[in-house]
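Here you go, one structure.
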Amino acid sequence: MNDLDKPHDECGVIAIYAPKEEVASIAYFGLFALQHRGQEAAGIAVSDGKVIHEHKDLGLVAQVFNPTILAKLPGHLAIGHTRYSTTGSSTLRNVQPFLIDTQHGPLAVAHNGNLVNAGALRKIILQKGVGLSASSDSALLTMMLAGATGDSWEERVKNTMPLWQGAYSLVFLTKDQVLAVRDPWGFRPLSVGQLPCGGYAIASESGSLQTIGCEQIREIQPGEIISLDARGLISLEGLPPAKKTARCTFEHIYFSRPDSVWDDLSVHQVRQHLGAELWRENPVAADIVIPVPDSSIPAAIGYAQASGIPYNDGFIKNRYIGRTFIQPTDSLRRQGVALKFNTLASNLKDKRVIVIDDSIVRGNTSGPLIKLLRKAGAREVHLCITCPPIAHPCFMGVDMGSCEELIAHRMSVDEIKNFIGCDSLYFLSLEGMMRAIGRNAGYCNACFTGNYPIAVDEMHTKTGFED
Amino acid sequence: MNDLDKPHDECGVIAIYAPKEEVASIAYFGLFALQHRGQEAAGIAVSDGKVIHEHKDLGLVAQVFNPTILAKLPGHLAIGHTRYSTTGSSTLRNVQPFLIDTQHGPLAVAHNGNLVNAGALRKIILQKGVGLSASSDSALLTMMLAGATGDSWEERVKNTMPLWQGAYSLVFLTKDQVLAVRDPWGFRPLSVGQLPCGGYAIASESGSLQTIGCEQIREIQPGEIISLDARGLISLEGLPPAKKTARCTFEHIYFSRPDSVWDDLSVHQVRQHLGAELWRENPVAADIVIPVPDSSIPAAIGYAQASGIPYNDGFIKNRYIGRTFIQPTDSLRRQGVALKFNTLASNLKDKRVIVIDDSIVRGNTSGPLIKLLRKAGAREVHLCITCPPIAHPCFMGVDMGSCEELIAHRMSVDEIKNFIGCDSLYFLSLEGMMRAIGRNAGYCNACFTGNYPIAVDEMHTKTGFED
Amino acid sequence: MNDLDKPHDECGVIAIYAPKEEVASIAYFGLFALQHRGQEAAGIAVSDGKVIHEHKDLGLVAQVFNPTILAKLPGHLAIGHTRYSTTGSSTLRNVQPFLIDTQHGPLAVAHNGNLVNAGALRKIILQKGVGLSASSDSALLTMMLAGATGDSWEERVKNTMPLWQGAYSLVFLTKDQVLAVRDPWGFRPLSVGQLPCGGYAIASESGSLQTIGCEQIREIQPGEIISLDARGLISLEGLPPAKKTARCTFEHIYFSRPDSVWDDLSVHQVRQHLGAELWRENPVAADIVIPVPDSSIPAAIGYAQASGIPYNDGFIKNRYIGRTFIQPTDSLRRQGVALKFNTLASNLKDKRVIVIDDSIVRGNTSGPLIKLLRKAGAREVHLCITCPPIAHPCFMGVDMGSCEELIAHRMSVDEIKNFIGCDSLYFLSLEGMMRAIGRNAGYCNACFTGNYPIAVDEMHTKTGFED
Amino acid sequence: MNDLDKPHDECGVIAIYAPKEEVASIAYFGLFALQHRGQEAAGIAVSDGKVIHEHKDLGLVAQVFNPTILAKLPGHLAIGHTRYSTTGSSTLRNVQPFLIDTQHGPLAVAHNGNLVNAGALRKIILQKGVGLSASSDSALLTMMLAGATGDSWEERVKNTMPLWQGAYSLVFLTKDQVLAVRDPWGFRPLSVGQLPCGGYAIASESGSLQTIGCEQIREIQPGEIISLDARGLISLEGLPPAKKTARCTFEHIYFSRPDSVWDDLSVHQVRQHLGAELWRENPVAADIVIPVPDSSIPAAIGYAQASGIPYNDGFIKNRYIGRTFIQPTDSLRRQGVALKFNTLASNLKDKRVIVIDDSIVRGNTSGPLIKLLRKAGAREVHLCITCPPIAHPCFMGVDMGSCEELIAHRMSVDEIKNFIGCDSLYFLSLEGMMRAIGRNAGYCNACFTGNYPIAVDEMHTKTGFED
C-alpha cells in the first residue's frame, strides 16, 4: 500500500505475560492486529524464565512466522514488534525486538516512537567508547539501560527516562519480566489489558488487545511504567506526566484501528464526529457522500448523518494489493489501468459527490481519484479532509515526508484544489478537529501548526548511521 | 479466507487481444481484479503469433507472477485464469490455462463453470483410447476440440458446443486468435470491452475490464462466440440462447465484485435493492443497521436507506488475513482470540442491532459473530439474509458444499435461529430476491429451490479422476 | 555444472514395488543416486493400489522434495524421474512422471531415451484428432498406450513397442502395477534388483540400486518387459532383441556412475581399461598422470598402472558449484577468477604432465585447463582422451550439441591441439575403446562414426512442439 | 555433510581492497572457495569509502547471495565470512560480518578462531555497563576496539591485542580501510596476495586466493597486522610472535583445501607424506590402497607410492548430498539404504584392502564404512588414520565435540578396532605426523596430547550467552 498518500507510523509493539501459557502465538495474533502500523518487518522475543529466544525478519507477520518457527519460541513472557521504515535503511539489523546481553542478563526491546535527542545521546554513548550495533533508537535505548544505575530493571528504566527526549512507547523483555513504559508526553498510544487465561497483555492499540480476547483494557498513562512478572502487574510512576501532554492527533485521524479506544475515546466515534464537524464548518449541497475506503468510512458516515445527504460507496478498493504487487507502467496507467480503486458509476452518474478523505500529504493520489469519479459521471466533486493541511514534518515517530514533499508546505488550499482538480476542497479547521475529538488540549498538532511540544535539537533522519 | 462460511466460485477468466501491445501484463492486472473468484492458483498463456508460452502455479496472482516471469511471456494475445478448488484436488496438473498441441496447432483454454455431463463425455473420450492428462473439465474441452470437425477454431467450437451440457464461460488461445464462448443458459458471466490502446479484452466480470481501462463494455450473450484476431472482433451465434436462460443469482448475491455490471444491472445497486427488499418484507425495529463486511455493505446501505435506521459499522475486519495465516487453536479461540473481526462497542452498546449478511451456507460462522456483538453490548441482534436458505448443492461451477453440509438442508429457519443464537433471523424470500434484481425469470435458483435448469446425470465431483 | 564441456544425458528413471513399504522415500533415495543423469527437474508418482498421487517440479531432487511432500505420497508402488533438458523447453509441463487418465485407469510414465520417429508418431496421433499436452515423448508414449489393444497393460505395451523406433528405457505406473521396458537395441541402461524388504526396484543404473540396498541386480534385457505387482516379478519378451544391439558407449565413457555395472561390466574397470589402452596406443614420456576430476579418475588410475608413471592430483575441483551459482564476468575471468578448478603447483611444477579427460565436445573448456596447468609450472602438457573425436550428434537421448557445435566436426585433431594449446593431444581409437570395453560389437558408436543403428527420419529437436 | 565424523572448523574469512573494482563479487568468489570452512551462514560487508553496506544470512554462499544482492553492495573494500556452528546457537544475530557504529565511524569484523578468555573479557565489558548484542566473540572484539585508545584503527587493534588470549585470524572493515590480524600463536591460517587488477586480497586459505587469481601469496605472520588502504599494503608488528607458535595441525590433516599452502607447505604434499609415513610406521600386506574420499585421497596416494601397493577407488561418494537432504530412517538404513558412499565390488572383491582416513572423532561412521567394504567382498580391511587418536577437545576454534563424545577419550585403540570391526586399526604416531609435516615444533597438538599452548581459564561453550 506504499504508494497511497498517507503518513507512515513507524511501529506497533506488543508484550505478553501469562504464567501458564505458551505466549508466542498470542503475541503473533496480537501483532497481526497491529500489522497496519508496520508492514516491513516483524519480530517476537520470548523468555521461558531462563533463556530468551527471538525470531525476526523482513516481511509481513504472516510471512515472518509459521507454526514451526513459533514452536521454537517457548515461554510465558514475550514482546513483539511490527516495523515500517523507508527503503533506505530497511536492513535486517534494524529489525526489532533488539536483544543484548548485559551484566544483569539478557534484555530485549521493542519501540514505537522517536527520540528527538537520539543524535546527542548516540554521540555521548559512542564517545564513551561503546559501539552501537544498530542505527535505530533500539540499540541506544538498550545500551543506556545496560549501563544504568538501579537494583532492578524498573529502577534502571526509571533512572534513564529523564535522558530520553521524544516519543517512546516501549516494551522490554528480560529473563523473567516484561516492562512497558510511555513517555511523559504520551505521544504514542500504549494500552494494557487482562488476558482471560490469566496474565496480561500490552499493545500499541486496544484493538489488538481485543483481538486476543483481553478484558478491562486501560491506557498506560504518560510517564507510567508497568511491570509484569510473578508478582503480577505493578504500576510505577517513571516520570510525572508532562504538564501539557502531547498525544498524536493523527492516531485519531488515520493511524489507529477504528476499533481502538484511545484517550478513553472510541476512534471510530471520533472519526464520525470529524465527519459531522466537516459538515458543520462547510455544508456542501450534494447528492451523495462517499468515503475514500477504508480509513475514511467512519468520517463519511458521520458526515452523512449530520447532513442528511445519503451515504454510499463510490469507490471499490481492490483487496489483494500487497507489497510485492507489480505496479502498472506509466504507459498502462495512461491507458487507464488503475489498480487500487474501481468506481461505481451506478452510484455516481450525474451526482454531486462529496468525497471524504482523512488527509493529504504529498498530494499525488487525490488527483487521479477525482479523475476516476468524473469519468464515472460525477457532476460535481467536493473533497473534504478531516484534518487541517499538513505543512510540517513529524519528529515523533511518524514519516510524513520532508517539508519539500508536503504539498501544503508549497501550495495554498486554492492551489491544491486546482492541482487536484476538484470543484471544492475543504480542510477541517484545527478548532473543528479538536472539537470533534472533544478535547481542547493535550494533543500534539505540530504537523499542522509547526509548534513542536519539545525542542527538536537536530534532524534525526532514519539513515543517520550511514552518513 | 477459506474458513468464512461462503460458497466458492471456481474460477475467473480473462482474455486479451491487442495487436501492438505486450499483453501479459494487461492480463495480469485483469486477473488481479478477478482474484476474489479463485485464490488457489493462477496462470497466463500468451502467443506472439507463432509460439504459445505459459506460466501457472499454485498461489495468488501476485505470488505466481513477477516482472521476470511476465517478461518471458511475449505476445499480443493472452488468456488467463484464477482458480479456486478444494484441497483434495489442488494439484498443479489441474491449474489452468490448459495447453495442448493439436493437428491444427497449439490450443490453450481457461474455464469458469462445470459441465454436468463431464463424466459421460469423459467416458466417451477415454473409450476412444484417448488419455486425459488432467482431471478437470479443461483437458476434456480441449481434447474434444482437437478432434472436432470444422475448418476453423470457431467452427470447431460451434460444432462441439451441442455436446457440452452445463455451465461454461470459456476463453481459448491459439497461435493467432483468441476465442470466447458462453453456454446458452448463460450460467456464469463473461463480458467484453474495448481497450484504449486498441484491441479488446474479455473477462468474467466487467469490474476486471474497468480495472484495465476498458470502455464500451458489454456482456457476451448466452450461446455467443466471440473471436478476436487480425480481423478484429467477430461475433457468431454458437448456439441459440436457451429459452429459459439460467444466470447464477449468486453472482448478484455474493460472487461478483460490487463494481461489476451483469445482466445490465449494477451489482452494487442490486445489493442495495436486496437490502431494501429485506426491510420491506421484514421491518425490524432497531437502532442501527450493520453489514458483515465487506460483501454485505451495499445491502446494509440499502436496508438503512429504506428503513431510515442509521447505517454504521459494527464489525472491523482484519485486512491482512491471508491463506497462509496461522489459525488460533481451539484453546485460544475459547479464550477469545478472534482474528477475522473486531467489534465496535461504541456503536453497539445497548443498541438493537440489525446485521445484514448475504448468505448462510454451513452455518458455522454466524454464531460466533452474534456472540461478538452481544459481548460488545448489543441489546438485540437481528440477522437478515439477502437470499433464501441454501438447501441444495450447485452443479454449475460453485462449491456450496454437499447436501449434508448445508445447514438449511438439515434445519428449519427457527432451528437455525436457535443454533446461531440471534433474536430473530430472516431470509429474503425468492420473490423478494427476484424483485430486488428486477427480473422475474432467466436466473438459476437451484441452490434455493432444487429445480435444476438442466438434468444432472451424475454427481460430477471434483476429485472424480482419482476414484 | 552446465558450462562443463560434457554431453548431457536426458534422464534417469526409477521404479519401486514393495508390498509392505511406503515406497516414496525409497524412490527418493534412488533418484538421488541418479541426480547426475538430470539436474533440471525431478518427480515421483506413487500408487497405494487405488489412487495415483504425484509431485514434480523444477530443481534438484533435494530441492523438489521434503518430508512433508513425501508424506503426501502414500503407497507401495512408485516411479520417479530426474530430467535434464536445454533451457528452451524447460517448462513445467514437460517434467515427468507424466500422468494421464485412460479407459483402463490412470497411467504414469517416466522415460529415458528418445524416439527417432516421434515426429511421425506425433503427427499420426494429432491427425486422429487427439491433443497432446506435453511436447516431450512422454505424452506421446502414454497416449499410444491409452489407445492400444490388449487385455492388460503388459499386452498393450507389447503391442505398441513395434511402433516405437529409437531409445527407450521406460517405467510405467498403474493403480496396482509397475512396468518397465527397454528398447530392443538396448540403447540406454535399465536394471532390476531385489529389495531387502521384499519387493523389487528398477533403475537406470545399478549404482542407484546399490544405494537403496538392492541385491541380485541384473540388467533388463533389450526388448524385455518386466512387470511388478502382486504376482511378483514377471518377465516377458516384448520384442526380440535387435540382431545388433546398440548400447550407448558413452555410458561407459562418461554418463554412468563408476559404481554402476552395465553389460555385466564394471564401469569403473572399463574406465581403467580405457586409460590403460590409451597408454598402449600412445605411450607418452612423462612424470605424472592426472585426471580431470571426477569423471576421468578411473581412466587416469588405469593409465598410471599400465605406464608406471605416478598417478596424482593436479586439479582440485570446487565441490559447492551448483546450478544457481553466479558465474564470474568475462572481466573477472581475464583476471584469473577460476571457479571450477584450482591447481596443485606442488605436484605440477617443472613436470611433464599427462592429463586424462573423457571427451571433448565443444572444446571450450580444455584450453583454460591447459593454461591453468602451465601457470602452475607444468613443463609439458599432454592431453589424452578416452574416446575418439565426437563428430556427430546423437538422436538416442543424449544432448551432444549440433554438428556445428562439435569441435571435431569442424577441426582436425591437429587443429584442435593448436586451439587448445597442449603439447600433444591423443584420442583413443575406436578399436582401442572397444578393446578396453572388451566387446567387439553390440554398441552404438554413432557419435564417433556417424553410423546410426536405426534410420533417423527427421531431426527430432527438443523444442519441436513450439515450432 | 553434517553426519560425517569430522571436526568442524568454525569459519572462513576474506578481505579485499582493490581501488578501481567493485569488490563484492570478488569477495563472493573468494568466499565460495572457503565454503568448506563453514556451511551454515555467509555474509559480506562492503564500503565505498563512505558507507558500509552488508548482507548476511543463514545458508550456503550460493544461497545467501544473488546478482541483485551483490549489486546492492557497492564499493572497493570488503570483508566476508562463512560460518559453521552447532544448531543451538545458529541464530541470525551471530552471523558475521558483525557491524557496529563507533565514535571513529563504522567498524565491521569477521573472525576465525576462539578467544579462550572470552568469558572473562565479556564479564569485564558487561560490568562496565555495556551491552553485547551477539553471543559470539565478534561483538566482544568490536566493542573492545570501539573503546580502545589509539589514533588510528591499526593502533587500536595493536593496543587491544594483548588482551586477546586464544585463536584469532581477523579481518576488519572501516569506511576506508581493511585490516587483518593474526594471533601471535598463529593458531589459524591467514594469507595475503596481490590481485591482478591491482589491490590485495586476504583469505583464511591460499586456495581461496588462487581461485580469485591472486599472485605472490604469502602467509600473514603470527602477531602481524596488515593494513590495506589508499597507502597500499602496510605491515605492522601487532605483537611479537609467540616463542612457541601453535599452528593447528588439523589444518594439514583435514581442514584446509589440499590446494592451499600453509606454513610454506603444500597441504596436498603434507598429506601425501602422512600417507607415506603411515606405511613406514605400519607396513601392511595388502592388494589395494583406497581413500575415504575426498579428504584422504592425497594420503592414500602417498601411501600407495611409498608401499608400491596399487592405489584405486573403493568408495564412490554421492556428490549431491547437501545440508537439506532428507536422511534415511533407521529402518531404511537397516535395509541397506546408504547415501554417502557406494562401493566398487570390482576393485574390492577378495582383496586385502587398506583404507586411509584422516581422523576418527566420535567413531560412528567408520563401522558402517567397514561393513560396506566387507559386503563388497573385501577379504581383509585395514584402517589407517593419518593422525593420532583425538582425545581432547579444542578451545581454539574447532568443534571436536566434548570429551565424552570423543571415542578415543573412552576407548583404547584396540577397543576402537573391535567397535569398528576392521581387521587392524593404526593411528599415525605424533612423531610420525610431525615428521610428515617436516617440522618438529611450532604446532598445536592439544587435541592429541591435552597440552594446551595457552591456559584455558574456562569452558567457553558456544551457547554461553544463553546460559
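Letters A, B, C and D mark the chains as written, and numbering starts fresh at 1 in each.
Everything below uses one rule, namely that a residue touches a chain if its C-beta (ideal position, glycine included) is under 8 Å from a C-beta of that chain, and two chains touch if they have at least 3 such contacts.
Here the structure is a predicted model, which is why all the values come from computation and not from measurement.
Chemist: When chain A meets its copy chain D, do both sides use mostly the same residue numbers (more than half shared) or mostly different ones?
Modeler: same
Chemist: Find the chain most remote from chain B, comparing centres computed as mean CA coordinates.
Modeler: Checked the centroid distances; the maximum from chain B is D.
Chemist: Could you give the separation in Å between the centres of chain B and chain D, each centre being the mean of its C-alpha atoms?
Modeler: Taking the average C-alpha coordinate of chain B and of chain D, the gap between them is 60 Å.
Chemist: What whole-number Å value describes the gap between the mean CA coordinates of chain A and chain D?
Modeler: So the centroids are 48 Å from each other.
Chemist: Take the average of all CA coordinates in chain A, do the same for chain B, and state the distance between these two points in whole angstrom.
Modeler: Centre-to-centre distance between chain A and chain B: 36 Å.
Chemist: How is the touch graph of the chains shaped: line, ring, star, complete or other?
Modeler: Its topology is that of a ring.
Chemist: Per the contact definition, I'd like the list of chain C residues that touch chain B in the complex.
Modeler: Of all residues in chain C, those touching chain B are 51-52, 54, 56, 91-93, 98-103, 106-107, 122-123, 126-135, 139, 142-143, 145-148, 465-467.
Chemist: Touching residues of chain A toward chain B in the complex: what are they?
Modeler: Residues in contact with chain B: 25-26, 28-29, 32-33, 35-36, 60-63, 65-67, 70, 195-197, 207, 210-214, 257-259, 261, 266, 268-269, 272, 294, 297-298, 301, 305, 310-313, 316, 318-322, 324-326, 328-329, 332, 335-339, 342-347.
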